[in-house]
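Reading through the structure tokens given below for one structure.
Order as written gives the chain letters A, B, C and D; numbering starts at 1 within each chain.
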């Protein structure tokens, strides 16, 4: 029977040995690099179109007017209705009454938006119809309902992570540029190109979001549910190590 | 074996190796490891600005000055209020759970008439009719000892021509009956435990349940060199930190105090009171240490020792707990010692027609209440005093379901303390008159109304709503609304006039004689805040703080010294039935040597039949077995001296 | 009916009879499975475990079966590496028993860890300082080895073996079996040890803590020795039980006696050190942390009798019986000794698991009682049922016992 | 495993002579750290509904009490009997028994300050660390956390909610430390040299008698630095060499006696005593 084995060995020689192996190898390599990674994400749109351009360039607001540090050093990431209402001066009660008068169910958003309620329309700030509609959406669905906007956070981190913006405030892009090689797997090297802005937001957040008009879709991982831009722990650790910062669990976990 | 199959195998092997050279597998594994952390049914947290909003909590009897912690406007926790002398940073275990109670499913969601939901307007009409019909046969029972809401209720009573304002039995009431009743004093008694050098807690479990507990504990903590002595039938939590525990039966507390007074008088102390000589004669003849020892079992030299310390002290104070007589005796002793007992003036009223606090404390609820219309405000008499309280038509104001709301005809939900404006005026026992204001922290989510607002809708007391009443009160107090709203308390360092105060010699002489029931063993009921009070059941997070000395499983635990257990023929874990008063209780026996032999100690506040799963059916209700005996001489009723029979089951 | 599947030249009971037996086993299994579902769906609170007893019946069961399963690696070691020919008569069985024990242990662990979906973190985020990491590594690897050792036996099934490829495969695997036996022996020795190490390193638990050699506390070595001192005779007991159930002779007594002798001698070595260790612990370590030997025991449930019956009655006694030829060679006595031996090692694992954490280290703390509830029993019994099922099937369809035909059908010739 | 030296050592000094065992610290701790009240029924789990109820707080062996108050007694009979109360947080040992045993590095003692971390999403729930800890400071989520309807809207932002099947323990309200450091940065102070009281735990905050003092044991400007050295201060089970960062103090000798086992020196195994939790 040992002899039988020998024959089989020969057989394998005859049909070219490693070729099938190589074919299989290359095939999956290509798949694994080019195709498969993309299949792990689905695109989810933001609640409505928020344009940074309009607010920054149009209204000349600066980042701090919405994104600022509180006195206790915590960071106010997304603005609250309270903040927005300073400009979008629609009086919720007035609007609600008007809606009631118009005989529309307060939860039937589309109807409300179609009805072009004066109390709302008169206070719209935008010019173009598209922007008007976006603003209308915000006011009808959230502001007058007293609901905060459920923004999708591109940098979403779970409850067990404690991220301190304050601690990272001092990071200087120009400085970091020196170690952009080491950081290449953590920070998109495009960030380091050109004149470095005084804020370092680009390091982790959407690059130049302040110049963005239509927020990009939120790419959600189908397994973990996290954002594609969510920084994985190893990235945090890499940068901490490079900057000589501690990597103990409790540095970032709660 | 065919070539095709072999080739296929080789290709698959190649494919497998290949995929391992791409990030796919590894990132996927990483995502999977994150997936194992995502449990859809585990609630996620809310983020935003974190604040501490000062207000008052009325869950414990004296009320706590607290800061409610909120995140993005949502209340989540309670902490102490450093700026308020009532707290100094600490709070009691009940108030610590305030937010959880506020969000509890046992909150009453809307006005209910005999179990059916009705509108506030209908409730208003209904009650107005009932009041009109009842005329002066209206009574109010209030569970709030310190709120101006009482003035509104008493204003309503006045407009009905009734004076039937009842408060739940409390040390404050006993003290007032002794001070303004027997001794003809005015104002309210307070104790400066923080600056006293010797503090004799004569029956006052001051560091656990008596009086302004948190303020007492703060005083205890700040009083570095003061010597605290606890006298009482059991080694309470208070006794575990005082430098000495003097075992004294509850009914013997007055005699014990007079026994000490004897030595103080012998030492030549006196006061310019009209009946001083009579008092002295009474004590010297009737309460010689020998007699007291015979009557109470407290060794004469023990009293001599305490007297010595009190006399040696610069600023001693005796803090009474229990019967009116015990309070009277202690006040007399304090006057003789001239120490850290304070007499605080009462703040001005907001509602002219309302009674003073002292007047509100006059009615004796233990003697029984019966009225055509009975209004119960955040009190639970149908749990603590089921025998005594009757109402043809009962209106219960409360924020959570209790035995009382269950028994009431009309239930009117009040906002939780953190959802309403409220105030807290000089809780009994604090060293100086103190006024704190509570502002609403959260918006009410249920169909509730502040009881005072409802009452103001029934009778014209010259106020639109309770906020106006509070403004008037603040003005009457002479405080600054804004400062109060920021959490600072208004403190008045004046003290009331004590000239013309007598020592109630004639009454005390008789009232101090120990009167004991006929049961086999004396009953020492005690209160632990985490277990609950007469009005407030234990809270969601508190049960795991309740020791096996109070509750095992669903069984109440009563404690007694091994000697007592031996005498009763019971041991650790034996199930017993305690019968006394007009009822009986079931309990497990725990041997605890910190109980006076011949006494069984039982925790109050358990055995609820209505409420959430944290209190309902847990333990048994000791109020059922308390005996109401009348202090004939003092013209008051007391639970002190209750006895029970213990039967093994 | 299924007679074509039987091993060469053997007879088996009727399929009907066999199905009834299987039905019974599956019924027991199903009961345990219900318990398992409750645990996985409701949480481990369903069991009798609590804050004082994070380890309990399950861990004890795991340690016991793993110790008893040690027959597999040790016999393998002796047969393939030390070339003790005699043992090939029972080696197959040792492999199957080993497989059942380890697979069973793994199943129980799935229930015992609170987050089974994260069990693989032991590989993904290993902590090299933890004895338990070592255990996770070795047990998983060794289970793989056992499977590899089990496979050829399955491939030798009469019908399968007719397929040339499978035949060849089986053959080749047999050729390399010595290698696997070697790896197995290594892995198994290690985790038997690290299981002991798990307790020995508990500096906060005076009952279990031991000094040691390099990173390994003495318990590390004691667990290895006690395992090899009991594993072989457990296999003997299984074989004997099978003989009783099937009414056939499966292994010649000579082999059994040899296994007994092996176990016996190892047991003697073990006990020598065990007694030494216990003495040193009681007189050296305990006093150093302000404790006495008596403090370690409490009432009946946690009484001294446990330790004494472990070391004397179920240790010294069987050891003597097994090393004394005159006793060892009497079947009845051999089996008695074997049973005592197995009880002894199980008892040892129980004491190290439960008594260790039952002892209240804080003076003001108190002894608490631990009762495993039905869920723990049921799931453990499920594992035993699983073992019975595997062994029954193997016996019926696989050539487990080389001597079976000789001992039963050709006797007299 | 190597014991690490820290510049900052967060520690507690608990004055047993001030503790009345009122339980405020335990409640405050549960609220701060999102520990769900224990409920018998789980309305969301039908399989649970089929079988026996979950344990409620009556079963002291299944509670989640990061801070737990024990009752001590001197074992004497009336009238010489005395009691005391001993709050027991995690000892944050300098040489922890629990850390080296964890197979998946879910717990470590590595961060400046010396707090022993516990990472819930990493924990596999093997409970080896519970077996290792002689203080019973580690707790296991026997069941899913369940807040009675509506109660889960008021959750604290400071601690992530744990699922069933993981181990948890007192973290010295560690996220308050991170908050304090942010506050310091905002105010331009040195986050690695916080003023006394800038970082305080929930239990220490809420304690009405201020029996719990918290701070940096290494920092002479923090009260605990002196207190920990006072003649009446001691640590639990020092003989085991776990080097806790929690100190106790009491003027009563019998209380200090109960802090460690002294039997070999013939002291009788502590006093007969009941455990509170």
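FYI, a residue touches a chain if its C-beta (ideal position, glycine included) is under 8 Å from a C-beta of that chain, and two chains touch if they have at least 3 such contacts.
Everything quoted here is computed from the prediction, not taken from an experiment.
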Maximum centroid distance from subunit B, chain identifier (CA atoms): C
Of A-D and B-C, pair with higher C-beta contact tally: A-D
Central chain (by mean CA position): D
Between subunit B and subunit C, centroid-to-centroid distance (C-alpha), Å: 60
Cα-centroid distance, subunit A relative to subunit D, in whole angstrom: 38
Separation of mean Cα positions, subunit B and subunit A [Å, integer]: 52
Numbers and ranges of subunit D residues touching at least 2 other chains: 59, 63, 121-122, 144, 160-161, 163, 274
Per-residue overlap in subunit A, given as positions that touch at least 2 other chains: 72, 74, 158-160
Touching two or more other chains - residues of subunit B: 1, 34, 36-37, 44-45, 50
List of subunit A residues in touch with subunit B within their complex: 8, 11-12, 14-15, 17-18, 20-29, 31-33, 36-37, 40, 70, 72, 74, 76, 80, 148, 158-160, 221, 223-226, 232
Subunit B partner contacts - residues on subunit D that touch it in the complex: 17-24, 26-28, 30-32, 34-35, 37-41, 44, 56-60, 63-65, 69, 71, 73, 76-79, 81-85, 121, 144-145, 147-157, 160-163, 202, 205-211, 274, 276-277
Footprint of subunit A on subunit D - complex, ascending: 107-108, 110-112, 115, 117, 119-122, 158-161, 171, 174-175, 178-179, 181-187, 191
Subunit A residues within the subunit D interface of the complex: 69, 71-74, 158-160, 162, 164, 166-167, 169, 246, 248-251, 253-254
Parts of subunit B lying in touch with subunit D, wherever the complex brings them together: 34, 36-37, 39, 41-47, 50, 69, 71, 74-80, 89-93, 96-97, 99-100, 102-105, 207-208, 213-214, 217-218, 220-221, 235, 237-241, 245, 247, 528-530, 539-549, 551-554, 561-563, 592-597, 612-614, 618
